[in-house]
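Common to both upcoming complexes is chain A, partnered first by chain B, then by chain C.
Take a look at the complex of A and B:
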């Protein structure tokens, strides 16, 4: 009991600490001062009266949402004496692996820099600044010569690193047994099995209404959809983050999705947020970064060629270029196993006073990175709002898909979860694919790294991301990947090569995500 | 050989020929006995001109109505709108006065060799997506004019301009900005060969519902459908959609479109008979939805109820006909 209490007070202290520096805090303070003018606030019962005022005016709700947001994002402290790197990643071998991977990425970036004789950053001459400002809304029409630039890394490079991960304290033994994991990932992390997943994703059960299934044309809307929409509207009018997160587990109605996501992510688009975005835009105009070219190249290679997202090409530049310059993103490295690359002012190598993070937000984009932003363009068309939503999605979820960690939503765990599900529940398929040299993870890895963006139809992708938000976890990506294999199992059993297996799984655009998930979790014999 | 539909075409396109062959139909020449002739516009004009005096026999159908060539070009719309307007005036319809364009679409028509002009309202604040203007390419099948029976293909698409929209008048000279026909866009420098700047209509719907809300979007689509039916009533429709496919996806779309079209026009692959009851059963519609069925609309209430419960009709959800079906039919009175 005592331990729990002290844990709780530690958490409260940490959250208070975090919120004290926030905008909300100063707003609450102002509101409290202003409320003293009100007749119902009496000196004798000052504290209670102000609390009551906050409750009625909706400020308590805002505070509640902020606290809830902190709880969702910030990992709970394991031990008060735990050093900061444990918050990033508790396992030493994982931290080391991430460190080496980062060194490789930086080396690759630096050598590209040297080869092309392009500085990592330079100030734009005034003429160039003016030009860029003029075509801010149509940067897609620019055709800079990007042929010499290569993406710093692609998902398959990252997969190779994960395959070689080993826990030095774990002795597998040479003999194969039924316990032997036959997949590519060879580290012993705990992953859920289907009974545990069923408990976790209980709202996806067969007897519970879902958007993505129970709103299809054959089902009368009175059965589920109308009521669900009504509840959604109520949740929005109450402006309750926690309720929204619970609600969205059953999917979001199209018309309410933009607001619901903003509520869950606790994004409210204040004037200072718009100003902050404009400031970032100014930074983009004034300075050119090498990563800008990487971003351009990525957008041109991926989103511009996508059937759904090509329309939003210009928005993608506006978001990603600003993102690179946003130093507020650096705070998420406290709980990210990755660390921002450090660079030094010319001639001052090794001197900490002259160290800068590069890029300013510490995130080096890889091939396909822009696909994290693209689906959001279907929901938000105001650039600063779009930007805020993306940034929050990144620091809550997406960063876990390209850093090495033991977190249950980290890419390593997702890969292991995927492989374990396949091996346990579709052993024949798994064994067959392995025999023909088509390890399933080699095909599904790219889906998970991109959170399926660009592989599913947009409406299906949004239904999937609803559940990511609803369950505050990326595990559903691994479950879906396994469900896709289960769905195409018959065809896959007949292929005899990796290329043929890839072909069977090349086109996911016709898949309906929710029925697949439901069947895999709740209608498969375990 | 007896009982197999005999077909002719003067348009050598695989999306057509593959569809005929897969039904086991037999190709013949135009001089032989044929049942189904997919004609180009020129052929229609020649075959059905007053001088030729050609009449279809009871077991023959073609892909355009005989007088269609006369009525499908924009320059002839003038005549038809005049005629339609007179009819509406007789009925006392307020439409007789109004311009029949909807909020988000525009038509730009003028012919310098005619005295009368039809100039539609040019909208200079069109809906933009990603800063670009787009138009809608919808496929409508008319199986009979009297009674009017038409179907809309669910998989229409929008075509985007490659260039960003700006309202300045100097841009009016820039063909690429305002005209979105794929044929012209292909020569713009920015044309992307991999996907030709298109979205499906359902994608458009998803975007609009997400960013503007359900009611506005439903209203938009209702109005579009209404305009189409009104236009058909004025018999002002472009008869020859392009059957050239610009991308692989495009080819698949057009193949399926022709397939569904043939299923409705020549049900069960039987030899045409003009005495058919031409209202096809729901299963046959494929990706078409009933846009307007005059018989149904004017039929008795019970019949309409029965139909709309079983059949597919347009609205925010195809097949969710209980409310939306009836709503569509009643707003057009």
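Take a look at the complex of A and C:
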């Protein structure tokens, strides 16, 4: 069809334009020039010979991986008449809601600024810069007075905003009727049901081997695990992102996980990347941001208190402080419904040439933000690599968990998916919890916002995040949340208050995620 | 082949409803929007572009004059074209849509054209992937276009978040 052809051309043009500014492009150019020396490159068939050379030397594979990465991250080009806001978020009422929410955050940050008389940003005096540089690897030993700082918002504040989201064109009345949603989310987004989820997550089926199930001690490794590891090693040697993404749907062997994730996210630590990280570190040394104190506070309140993650405290500062200074993150706002906060250089209010973004990466951390980084510390120990992986995970996935959008992997859709699954397949439980004033979403929301980080045991969390990467979607978080409720349904049916329900679901550290998911999707009578 | 916007007058939507609009409680599911083309010479319509707002299905009817003597008749160009796959959910609800001439064979206007626009023969559409050399030539065109656009932008300083070394900020701005 003509329309599809022009769509394809547009996608190709977009990807080409993006890659043209990348390191890979200059490397390919250099390689092409260098290849002219080679005997097999003939002038009369120059184009074909160079293409062949790229194929043999593995450069074509690198290009394929880069293209695949762009396709995974960037949304399809929208209609030419659609303005940029439409790409961020197509529904006007959601954009407005996100705008209002952001305004509240900005007001909160501004009032913190004025109350504490602390500037948003300041240049560090030279002495302080030296001091920070010296203790860069042990910032955790610092005990600054953070008592006056409070997190800008917590997940439960955000939940209240989502609960109040309304589509002005959707009439479902104020009184309870068959059209009112029984859960907390009242917007009619399209979510998958179990038959559709089964199709989508077909590799999690009962007759397909999984890491997290078929590698348990009772199962002989010859049945699945050995072969799966062998295939994983082959995928890594081929350096094929798409194959890695397909492979990891069945889970990643622990020894291969760091490399597989890097391959899927198309992260290869080049010298330029290490240099870039060092530049960010210099930015941290030179300028002190108010946001830094929020990061410190968050790390101290969450990761430092966690049995699994407290050892990584220093890494967390090294990643998050640099993350705040990274202007390359700004590009993801093209497809994020959120927008980076703006400010003006002191004394130049309103003058556009003195307008800047704050923080430089446009992301204001909230309570629990550091938990997005913590699990990655198990996989990566070199700070610049850890940093790159986290940044890529953020601009691909995590940003959707704390912005208001209609995207199928956005937190609003995840909440609705969770509630709908529970209502449809565990109606008695849903009704009971509702009756006792324990709306299930109030309990599961925090799990989903944090992608279960800090709630599951780390090996289980990593198996879950394997599938997030494998399916390039966060929907599995909602399915797992519903599966957890299904698992503890018997106990939950007996509670009579929200507090008691919370208690039943307080400790998820003993759960095995893959059996739960498999049973919920494939072994529950529908 | 250059394309121009045709000036048109879009009237407000009218509900198709049985009974008295004022007293009836029911909400009609069908609305009609009239589009007229005032004082425009005959033209060949290529594309209709609009932004949807919760319309699930679209039909387009055109009043055609076949000759000076026979009365004009209404022709259906498009019937029940689906804009929202699930009308009870948000999919497609606020999307930008383009409808092309090839989607409706009868979507032409009066038989003679005063602007002799060459009529594009529909390309032999191959099943599967489009012709690569055609795509690459289109890509080159688009590349040239994007380069032009890029050249006209002032170059941003990559990686720097300050202004001339200064990042001394007052408060966050709400606008």
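The working rule: the second predicted complex is superposed on the first by the 518 of 526 C-alpha atoms of A that agree within 3 Å, B and C clash if a C-alpha of one lies under 4 Å from a C-alpha of the other, contacts with A are read in each partner's own complex, and residues count from 1 in each chain.
Assume a contact is a pair of C-beta atoms (placed from the backbone, for glycine too) under 8 Å apart; a residue touches a chain by one contact, two chains touch by 3 or more.
Remember, predicted model here, so these are calculated numbers, not experimental data.
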| item | value |
| --- | --- |
| Chain B versus chain C as contact partner of A:195, first or second or both or neither | neither |
| First, second, both or neither for A:313, with chain B first and chain C second | first |
| Touched partner set for A:205, first chain B, second chain C, both or neither | neither |
| Partner chain in contact with A:12 - chain B first, chain C second, else both or neither | second |
| Contacts of A:137 with chain B and chain C, given as first, second, both or neither | first |
| Per-residue contact with chain A, leading partner among chain C and chain B | C |
| Which superposed partner A:304 touches (first chain B, second chain C, both, neither) | first |
| Which superposed partner A:221 touches (first chain B, second chain C, both, neither) | first |
| Chain B versus chain C as contact partner of A:427, first or second or both or neither | neither |
| Overlap of the chain B and chain C footprints on chain A, listed as residue numbers | none |
| Chain B residues touching chain A - in the complex, by the definition given at the top | 129-132, 160, 163-164, 190, 192, 194-195, 197-199, 202-203, 206-207, 209-211, 213-214, 217, 249, 317-320, 322 |
| In the complex with chain C, residue positions of chain A that touch it | 1-6, 8-10, 12-13, 16-17, 78-79, 81-82, 86, 90-92, 103, 106-107, 109-110, 113-114, 119-123, 167, 169, 187-190, 276, 279, 283, 287, 325, 327-328, 341-347, 349, 353-358, 360, 406 |
| Footprint of chain A on chain C - complex, ascending | 49, 51, 53-54, 86, 88-91, 93-98, 100, 102, 122-123, 125, 129-130, 135, 138-139, 142-143, 146, 158-163, 166-175 |
| In the complex with chain B, residue positions of chain A that touch it | 137-138, 141, 217-218, 220-221, 253-255, 257-258, 304-308, 310-315, 377-381, 458-459, 462 |
